[in-house]
Amino acid sequence: MADPRFFTPQGPFDLATLAGFAAATLADDADPDKTVKDVATLDGAGPDDISFLDNLLYRDQFASSGAGACVVAPKFAALAPEGMSLLLSEAPYKAYALIARAFYPETRSETGIAAGAVVHDTAHVAADGFVAAGAVVGAGAEIGARSVVGVNAVIGEGVIIGEDTQIGACASLSHCRVGHRVIVHPGASIGQDGFGFAPDPEGHVKVPQLGRVVIEDDVEIGANATIDRGSGPDTVIGRGSKIDNLVQIGHNVQIGKGCFVVAQVGISGSTRIGDHVSLAGQAGLIGHLKIGDGARVGAQAGVARDVPAGATVAGSPAVPVIQWHRQTAALARLVKPKGSNR
Amino acid sequence: MADPRFFTPQGPFDLATLAGFAAATLADDADPDKTVKDVATLDGAGPDDISFLDNLLYRDQFASSGAGACVVAPKFAALAPEGMSLLLSEAPYKAYALIARAFYPETRSETGIAAGAVVHDTAHVAADGFVAAGAVVGAGAEIGARSVVGVNAVIGEGVIIGEDTQIGACASLSHCRVGHRVIVHPGASIGQDGFGFAPDPEGHVKVPQLGRVVIEDDVEIGANATIDRGSGPDTVIGRGSKIDNLVQIGHNVQIGKGCFVVAQVGISGSTRIGDHVSLAGQAGLIGHLKIGDGARVGAQAGVARDVPAGATVAGSPAVPVIQWHRQTAALARLVKPKGSNR
Amino acid sequence: MADPRFFTPQGPFDLATLAGFAAATLADDADPDKTVKDVATLDGAGPDDISFLDNLLYRDQFASSGAGACVVAPKFAALAPEGMSLLLSEAPYKAYALIARAFYPETRSETGIAAGAVVHDTAHVAADGFVAAGAVVGAGAEIGARSVVGVNAVIGEGVIIGEDTQIGACASLSHCRVGHRVIVHPGASIGQDGFGFAPDPEGHVKVPQLGRVVIEDDVEIGANATIDRGSGPDTVIGRGSKIDNLVQIGHNVQIGKGCFVVAQVGISGSTRIGDHVSLAGQAGLIGHLKIGDGARVGAQAGVARDVPAGATVAGSPAVPVIQWHRQTAALARLVKPKGSNR
C-alpha cells in the first residue's frame, strides 16, 4: 500500500512471527503459518495485508474489510468478517505499531560528512554519524554514534547530540544538550533566547538568557516547534515526552517524562509539568504554574492556576472538566426558547 | 507607489485595456484612452494611479482619494469624488487583483542549478526549472517545468514537484507529491511524520507513518505551516485551497477544493473537510470529524463535532453561530447591574 | 552557574561597580568593595554570586538563598537572609538585567563572508559585518556595520539590514527594511506574500502584494514567527517592540513602539496597534481594528472590536477585563449546587 517511491517493506512474515513482534495472541482459528506481506488501512487492505481496529468509529470498515489479518481487542473480535485471521491484543494500536515497525524499520545507510556540509574543525562527529548536505556543525559541537544531522540543519557551537538521534532538515539548535534516540523534526528552533525583558518605557531591557535546553532520551520534537533556552535554570524536556508541531515552550519550563504536548500548545516561562501529563491542541498555560503528574488539559484550554496530579481541566479560563461540561450546558440552556424541550 | 527596490511595474495601460483585464465596465463619463501608470491605495494614489473600494470601512478614503481611476461596485459609484474615472464591477476586489497582476506579473528569469545548490545525480530538474543557491534536491526527486526551488529549500528523496510551482526559502518537503502552480511559502515543513504514538506508560511506541502528502494544483501553503504525511492513507490538500501561515494539518487530514484555512488554524488527524470551506484564524478541529461543503468555522472556534454542509459555527466548544451570539449576549446580561438599561 | 560550554562571564566586579551599572543603591550595611563573580538564580547562588527578587512567588527562595548579594525592592529588603548584601532598586528586574549584561555582554569576533556563504556580486556587506556559513545574500541587498547574517539564513534581493543587527539561523527575509540593533531569531519568515485573495468559486484570484515589511530599530522578532509584507501599504513593526515566537502578523498591520506581542498571537491584516500595547499569548485580533496606546489584551483573547487606549480586555469575544471576570464568576455560579456556599 505504501508508495514505493518512499517506502520499501521488509518481510513477508507469518502470523506467528507477527504475533510474537506484537505480544499478541493468535485467535484459535488463525493459521500461524499464513503469510503477510504488508500493513494496510482497513479499507485498503487485501488478503496479504494486516490491519487493525482501535477506534470504534471505524467498526464498519472493520466489518467489511478485505484484510487477510487484523489486530483487534478480544471484545470486538466478533465484529470481524468471515475469513479474517485475528491477532488479539488488549492494546491493538500498540500491537499494530510493533508490526508496522517490523515491516518498515528505520534504516539509514549513509555515514560521514556529505559534500556541501560544513563541520567546524573542533566539532566531533562519530564515525558512523552522518551530516547531510548543507548542514552546518559549529565549533566544539559533538554528534553521537549513528546520529544524523539533516539537510540544511544547524548545530550551534558546543551543542551535544547523543546517539541514534535524528535532527530534521532546516532545524536549528543552539545552547542545548540532546539525548539518545531523540527525533527533532524539520524547522524546529531550539535554544534561542527566551522572551526575557525588563519592561521600561524608555526601551525594554533585554535580560541575558544564561541557561540551556536539555532534551532527554527518547523525546520527539515536532516540526517548526520552538523551545527557548533557560534564563539561568535550564529548559528541560523529560525522557520519552512527545512534543507536536508548532508548540511553543518558554524559558525555564520543565516537562516531565512521558508527556504528550499536542500541536500549537503554548507553555509560558518557568511552568513545571509533571510526568505523563497530556496537553491537548492549542492549550495555553501561563507562567510559573505547577501541573501535577498525570494531569490532562483539554484542547484550547487556558490554564491560569496550578493543576493537581491526575486532574482534568478544560475551558478558558480552565476549570475541572466536569464543571466545564456543566457550564457549557448551562450556557446553552440560557438561550433555549422558553418551554422548549430541545 | 511600490518600492522600486522590490517591484517594477509594467504598463502604462489605458482604461479600456484595464477594464478588459478586469472584466469591468467603464463608467459612461470615463475616457477609455486615459492612461494609468500604477496601482495604489486609496490614500496614496495620484492622478496616474488606479485604486479600488471593496470594504466600506474605507469609504471616507474613497471619497477623498486623489486616484485618477478606481474600481468600485456600481451601488457605491455615487460616493466617488469629482473627476475620478470609475471602472464598475460587482466584484471590485477581484477586478483590482486582475489589474494589479497586469502591472505586476510574476516573472522569473533564472533557470538551471545555481552555484551552491546540491542536486542528487538521480534527481530530475526540468531544463527551464530553477534550483537556487543552498537548495538541496534528493535522490529520485523530480522538479517540473518552470518550477523554482528557493534558496536553502530542501526537496526530499522521491518528491515530485509539478510545473510552475514555487517552493520558498528554507521550506522542507519530504514524502509528497506537489501539483502545478502551487506556492509553498518560506519555512513550511511538509511531509514529516505525523504525531502517531501508541501510548504506553513504559514508553510511547512510535507508529510508522506510511502515507504521503498530496498537494493538488493551485494550492498555496503559508510560511512556517506544517503538514504531516499520512499514517497509511495520504494527507490531501485539494485543488485551489489556500492555507495561511503557521497552520498545522495533522496526518490523514483531507481538505477539499477551494478552501480557506486562515493563520494558526490546527486540524487534527483524519478530519475530512469538504469543498469551499472557510476556517478562520486560530480555529481548532479535533480529529476524525467531517466538515461539510461550504461550512464556515469562526475564529478561535473549537470544533469537536461534525459540521453540516453550509453551516456556520463559532465558539469553543463550537455551536451554530446564531446560538453563539445569543450565548455571548446572555452571558453579558448575567453580569449587568440590576435595573440597568445598558 | 552558566554552562561554560556556552557562556563565559566577564568580571569579577565589586558591589559599588555593579550598583553603578544597575542604577541601584547599595544598602547601608553592604560593603562596596565586596567582589561578585557571577549572576545566579536564588536557589543556585553562592557567596560570590548576585541574584534578584522580582516576583513574590519566589520570596521563600529569597529568604533561604545563599547568594552573596541580591537586587531587591526596598520594601522587601526585610525579607533578606542574614549576611546577604543588598542592592536596592524600585526596578529590580531591570537592575538585574543590567548587571547580567555586564557579566555577559554580547560579543562577536568574526567578520567577513564565511566559507560556504553565497553573497551576490551586487550585494553590499559592511567590512565588519559577518555572513555565516550557508547563508545566502541576494542581489542588491545591504548588510550594515557589525551586523550578522546567521547560518543558513536567507536575505532576499534588495533587502536592507541596518547596523548591529542579528539575523538568526534559517531565518528568511524578503521585501523588507530592517533597522539597527534588531534581533531576528532562528526560523522567522519575514516579507513573504500576505494572504490576499479575491475569493472566487472558479478559483480564488491571488492579489499581488506590493508593500514591504519595515522593522524599526531595537525590535526583536521571535523564532519561527511570520510577518507578511504589505499588500500596498507596508507592514510596520515600531521601534523597540518585542515579538515572541510563532507570532503571525498579517499584511498591512502596523505595530507601534515598545509593544509586547507574546508567543502564538495572531494579528489579522490591516489592524493598527498603538504604542506600548501588550498582547498576551495566543490572543487573536481580527483585521482592520484599531488598538489604542497602552491597551492590554489577555491571553487567548479574541478581539473583534477596537480597543480604546489604556483599556484591558480579555475573553473570546473580548470584553473589558472586569466584565470578563464577572462573566467567568457568573458562569461558575450557574452550575453551583443550590444552597452551596462553595
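Observations on the structure shown:
To keep things simple, chains are lettered A, B and C as they appear, and every chain counts its residues starting from 1.
In this section, contacts are C-beta pairs under 8 Å (C-beta built on N, C-alpha and C of every residue); 3 or more make two chains touch, one makes a residue touch a chain.
Just so it is clear, the model here is predicted, and its values are computed rather than measured.
As for how the two copies chain A and chain C face one another, under half of their interface residue numbers coincide. To fit its Cα atoms onto chain C, chain B must turn through 120 degrees, a value rounded to the nearest 5.
The centroid of the Cα atoms in chain A and the matching centroid in chain C are 28 Å apart. Residue positions of chain C with contacts to 2 or more other chains are 134, 152, 170, 187, 224, 246, 264, 282, 300, 316, 331, 334.
Across the complex, chain C meets chain B through its residues 118, 134, 136, 138, 140, 152, 154, 156-158, 160, 170-172, 174-175, 187-189, 192-193, 195-201, 203-208, 210-212, 224-226, 228, 232-233, 246, 248, 250, 264, 266, 268, 282, 284, 286, 288, 300, 302, 304, 316-317, 319, 323, 326-327, 330-331, 334.
Considering their complex, residues 1-3, 5-7, 39-41, 44, 55, 57, 91, 93-94, 96-98, 100-101, 103-104, 115-116, 132-134, 150-152, 168-170, 183, 185-187, 218, 220, 222-224, 240, 242, 244-246, 258, 260, 262-264, 276, 281-282, 299-300, 316, 328, 331-332, 334-335 of chain B touch chain C.
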